[in-house]
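Each structure below is given as structure tokens.
In what comes next, chain A is part of two complexes: it sits with chain B in the first one and with chain C in the second one.
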Partner chain A sequence: MKITKKIITKIEGEATLKLYKKDSLIEFAEIEFWQYRGMEEYLKNRNYMDACVINPRICGICGHSHLIATSKAIENALNIKITKKAKILREITLGLEIIQNHIKWFYITLYPSVKEINYFKALEFSREIAKIIALIAGQFPHNSYAVPGGVTCDLTNLEIIKVKNFLSKMFDKYQEIIDINGKSEDLEILFEDIPKETGKGINKFLVLGDNLYFKSNGNAEFIKEEDSISLNKNVLYKGSFYEVGPLARNLENYLIKKVYEKYQDSIYTRIFARLYEVNLIFQYLLKRIDEIDINEKNYIKPTKKSGKGVGIVEAPRGSLIHQIEIEDEKIKSYNIIVPTQFNLSNGTKESPSPAQASLIGEYEKQSDLIFKCFDICAVCVSH
Partner chain B sequence: MLDINKVKQRIESLKKLPAIGSKSVKEVLEENGFSRRDFLKWSGALAVSLGLPATFAPVVADAAEVSNRLPVVWLHLAECTGCSESLIRTDAPTIDDLIFNYISLEYHDTIMAAAGWQAEENFEEALKKFKGRYVLCVEGGVPTKDGGDFLTIGPDAETGLSKLKRTAKDAAAIIAVGTCSSFGGIQAAYPNPTGAKGIHKVLNKQVINVPGCPPSAKNIVGTIVYVILFGQLPAVDNFNRPKFAYGMRIHDLCERRGHFDAGEFVEEFGSEEAMNGFCLYKKGCKGPYTFNNCSRERFNQHTSWPVQAGHGCIGCSEPDFWDSMAPYEEPLANHKFESISADATADKVGITILTLAGVAVAAHAAISAIKPPKE
Partner chain C sequence: MHSKPKVFWIDAVGCNGCSHSFFNYPEIKELLNKVELLYHPLLPSPEFKVQKSDILIIEGALKTTYFPRLDFNLVELISELVKLSKKVILLGTCSVYGGMFGEGVLFNKQKEGKFFEFKEKMIALPGCPPHPEWIAYVIEMLVENKNILLDKENRPKEIYSYTSHMGCLRNEYFEWKIDALDFGTKEGCLFYLQGCQGPFTHSSCNRILWNEVNSKPRAGTPCFGCTEKEFPKKNLFKTETFMGIPADIPLGVSKRAYLTIAGIAKSLKNDRLNKRLIDENN
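For the complex of A and B:
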């Protein structure tokens, strides 16, 4: 048996992929991450509000999801309910983070591993999207406008109209990438020489967050972390591996379901779900923004000082979980489980993780693409 | 004084060097729909933000055009990629990112064209080919504990520490992009489990720091263009930050400054005072102690900045701010030295407070809790 070690760069961070091959087909794969930062250690004994500033720095790509998860965890621990207005504003900024992430991932991370492309259009798109986030949150990446109890900003009607206008403009523009009927020229070009059935996973899906229009199909209580072969940790749900992410949470959409029924959980379905999800989020946000009541409170002050809580959001790459324990306004313990851990765990040949399963039985030349389909965030994993 | 003729001479000598890549900067700009006029406008704006006289605008344009003679190698160490994310969203005129992408293509983990083994080869190739000529930008702190084993990069599992030292050896200039590479950043916060440090602590060459979490793209590009323009590092303050960007406090040009002077403060998020846009000092804004140009340049193409969105400045461009500026939602004056990190950081806080001396003198009664030092 031949073992090939591949270095995967151009994901958000770096990972090592060990491929075990037999007759040029991949027989088994091991995924390693060799970075560690120790984010949870910094949080201990600090005031819980500090988590809202520190946690976005876990990741520069999806830091906003970490911010919202942090606020949600603290709200859960201290029993705080936020207003509908604050909730909608958070949905908008988080939804936009997902949107700009997917566009960048498709054109900058994924596409160049197959074909050459001018990715400036992706940069332009994500720059414009970041501007909308900045209108609400102050800046992107890394802001701290969502605090336990609500948001710090106080938008005027004019700003809401601006946000809405921006949203519908970008939604229109996105139709050039993939339209509402699921037609995408760039996606078809990408698959010119690649079979659409490539890279099937384990066909088990998990959604834990319930932000935006997503519906949870599980309970975070059944999540367990265990040590892996490198510095990252495996994540199991009820003792087995599950795939999280855009495909998992959009299976109810009829277009995505149609593609899924045809190609199962192959890379094509995964990419399609991810690209098409952007349309669904735009539609949802455009509807939700009309429900903002500007007279509602931005913020409600917490009264409790201790408690245990969990914050879950559907982040760009899937379900993101933050667990916190607060004692007299100080953080006693903190734990973070990121979506990439679910998808890129290290299982055995008999019971592989989603990423391992999709590599097994494929040609090595496709491994880059298959791997990147999960939109790996090594930065998050090395938290 | 800046001598424009010397700069012109330098650019002429750069022009004689072979260019990297098959297309000129001019062609790349044209392909992407930017006119000569756009380009000159951008150069003018950049000259202003670098603190140069207006006569320098055409020279800045020339410098940008020869920027493909000085390759940039970009290393990612222990970090979150947020600085690169900031960079590709350039709040400056959009030409920044075209130029930057263009000159940085030699090696940049996230946005380079090559990947995997090929990228590693390009990296080694660039070090040899452009020996003594390349500008090294580093994003992320460098873990030093256990010989740097908390971060290994590439096929041979080289430590970040070793890769950094090797790359820095033959660099023409070294720029630390972001607070992590400048001062260690979040990795270096108490208890600093990986022994992370700012890169200047492990290199024996001058490093120019462009801190911020993330720094604005304008400051990153500005520093690089400056290096190309003058072949030397820009004027810096005592923390090696370019003065053109970090010469003033956030507080100096803050839009809420009037409320500070009038003693009008926000004491609670969501309150009447918050809705009136009062000063955030009492909600922990560290603007008076933080040197950066956020209040002037803002973020995301001048759209907004954290203070505008109602959250105080966290002091992210100051050394050790993760420890010395915490808790972030309380004024520094209320700093209680009771936390577990107090012992570890008391001396660092001392240094920060020293730098505050100037602020305290200028500040008003409202922050009397910070005593002016005895002269």
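For the complex of A and C:
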């Protein structure tokens, strides 16, 4: 048996992939992250509001999901209900964060590992998406506008109209990347020389968040973290590994289901689901924005000072979980479980994690693509 | 034809937020066409190789505990790269002061940092993240070999001579000392109760707007002083006071002068600003 160690870069952060090969086929893979930033410790003993500034900084590309998960965890701990208006605004900004993530991932992270591409068109698109987030939240990346109790902004109809028109415009523009019927020239070019059946996972899917149109199919109480061979902890649901992310949460969609039935949970299906999800988010947001009642309150002041809570959101890469314990307004403990931990856990040959399973039985030359199609966030993992 | 300046972009301990902020620069394609990108942690670039560069961009903080980067010890890697570069841009608060993740390259919060001896060739661009226009400005100035006016902490004066308070839409409320009692209102200044650090934070967030459209205070969120040495301080949503007086006052005035003007403003009621700005009943 031959073992190769590869450092995977050009993801958010970096990871080491240890491939065990026999006759040039991958027999087993181990995934290692060796970086640690100590975010959870950093939060301890601070006022819980500080988490709204610190946690977005967990990640430069999906920090807004961390902000929303933070506010939801605190709201859960302190029994705070927010208005429908605040909820819709959060859905818009979080939905848009998912969109800018996917487009950057496809053209900057994934595509160049196979073919050359003009990635500036992706930056042009994501920049406009970030602008819509900023109209509501002040800036992107790293705003703190979603606070426990609602949102800090107080929009007028002028901004709401602008956001709505912007959404329509970008939805239209997105049709050039993948249209509502699932046609995508760039995706087909990417797969010109790659079998679409490549990289099948474990065919077990989990959705824990219920934001946007996503429907949870599980209960976070059954989540367990355990130590692994690398610094990142394994994440198990009822004792088993599960795949989280766009494929998991969109299997009910007719088109995605059709692709899934044809290619199962291969890299093609995974990439298709992620690209196509953007269309579904745009459609959902365009519907939701009309439900905003401008006269509703933006913010309701919390009254409780202590409690324990959980905040879960479907982030760009899947289910993101924040757990908090607050005592007299101070953070007593904080725990973060990120989607990449689910997908990139280290299991055994007999019981591999989704990413390990996708690599087993494939050629090494495909490993970069297979690995990156999970949209790895090593930055989040090294929280 | 002259060869293009060689740019090496390395990420230390951080969140990649500086890179993602830079990605929002509208003329990024034109800007990157002016340089030769030797390495970038996210953008397509040649294979990683420790080498000479004209401009080294460091994003992220240093950690003294073992922190591997591309099979190197991070601090050793940064040391090599700094020595091999002509100019160094310290991108973001982590890189300049340390921020929340460790020590900065030039400073360790208030103190001198590990690479202080190289101050001469360093340009500090604090901010969490720094504004894309600021990054582009420094790169352009270096590419064109123009002189960048720097302050004592090596920050470009054309950016950091401003405070984030300058241009804030809530300035009238600040002038008349009318506080925002809660979040989620158009009205009121965030300086007195909500912890806004705008009047004493070096940055031009309300002059050069974020994503070309907005800023945190305009969206009702206080300025957290993310360009400053001690970012993130504690109790970020509360204004620290001593006997009712803000502990930190606007830059450049004495406490006595500030209290005099604040007292006078408060005693003179502004009827227009004491009401809701948009109210269907009046």
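In this section, the second predicted complex is superposed on the first by the 383 of 383 C-alpha atoms of A that agree within 3 Å, B and C clash if a C-alpha of one lies under 4 Å from a C-alpha of the other, contacts with A are read in each partner's own complex, and residues count from 1 in each chain.
In this text, contacts are C-beta pairs under 8 Å (C-beta built on N, C-alpha and C of every residue); 3 or more make two chains touch, one makes a residue touch a chain.
Every value quoted in this text rests on a predicted model; they were computed, and no experiment measured them.
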{"item": "Simultaneous placement of chain C and chain B on chain A, clash or fit", "value": "clash"}
{"item": "Partner chain(s) touched by A:K287 [first = chain B, second = chain C, both, neither]", "value": "neither"}
{"item": "Contacts of A:E41 with chain B and chain C, given as first, second, both or neither", "value": "first"}
{"item": "Touched partner set for A:K115, first chain B, second chain C, both or neither", "value": "neither"}
{"item": "First (chain B), second (chain C), both or neither touched by A:D368", "value": "first"}
{"item": "Chain B versus chain C as contact partner of A:G60, first or second or both or neither", "value": "both"}
{"item": "Which of chain B and chain C A:M49 touches, first, second, both or neither", "value": "both"}
{"item": "Interface residues of chain A shared between complexes with chain B and chain C", "value": "7, 9-10, 12-14, 34-37, 42, 46-47, 49-50, 52-54, 57-61, 63, 108, 112, 120, 123, 126-127, 130-131, 133-145, 147, 149-154, 297-299, 301, 379"}
{"item": "Residue ranges of chain A in contact with chain C within the complex", "value": "7, 9-10, 12-14, 34-37, 42, 46-47, 49-50, 52-54, 57-61, 63, 86, 104, 108-109, 112, 116, 119-120, 123, 126-127, 130-131, 133-145, 147, 149-154, 156, 297-299, 301, 379"}
{"item": "Complex interface listing, chain C residues touching chain A", "value": "11, 13-21, 23-26, 28-29, 41-44, 48, 67-71, 100-101, 128-129, 182-186, 205, 210-221, 224, 226, 232, 234-238, 278"}
{"item": "Touching residues (chain side chain A, partner chain B) in the complex", "value": "5-10, 12-14, 34-39, 41-42, 44-47, 49-50, 52-54, 57-61, 63, 108, 112-113, 120, 123-124, 126-127, 130-131, 133-145, 147, 149-154, 297-301, 368, 379"}
{"item": "Residue ranges of chain B touching chain A (in the complex, touch as defined)", "value": "32, 76, 78-86, 88-90, 94, 97-98, 101, 109-113, 115-117, 119-120, 150-155, 157, 185-187, 189-191, 193-194, 196, 213-214, 268-270, 274-275, 298-301, 303-311, 314, 322, 326-330, 339-341"}
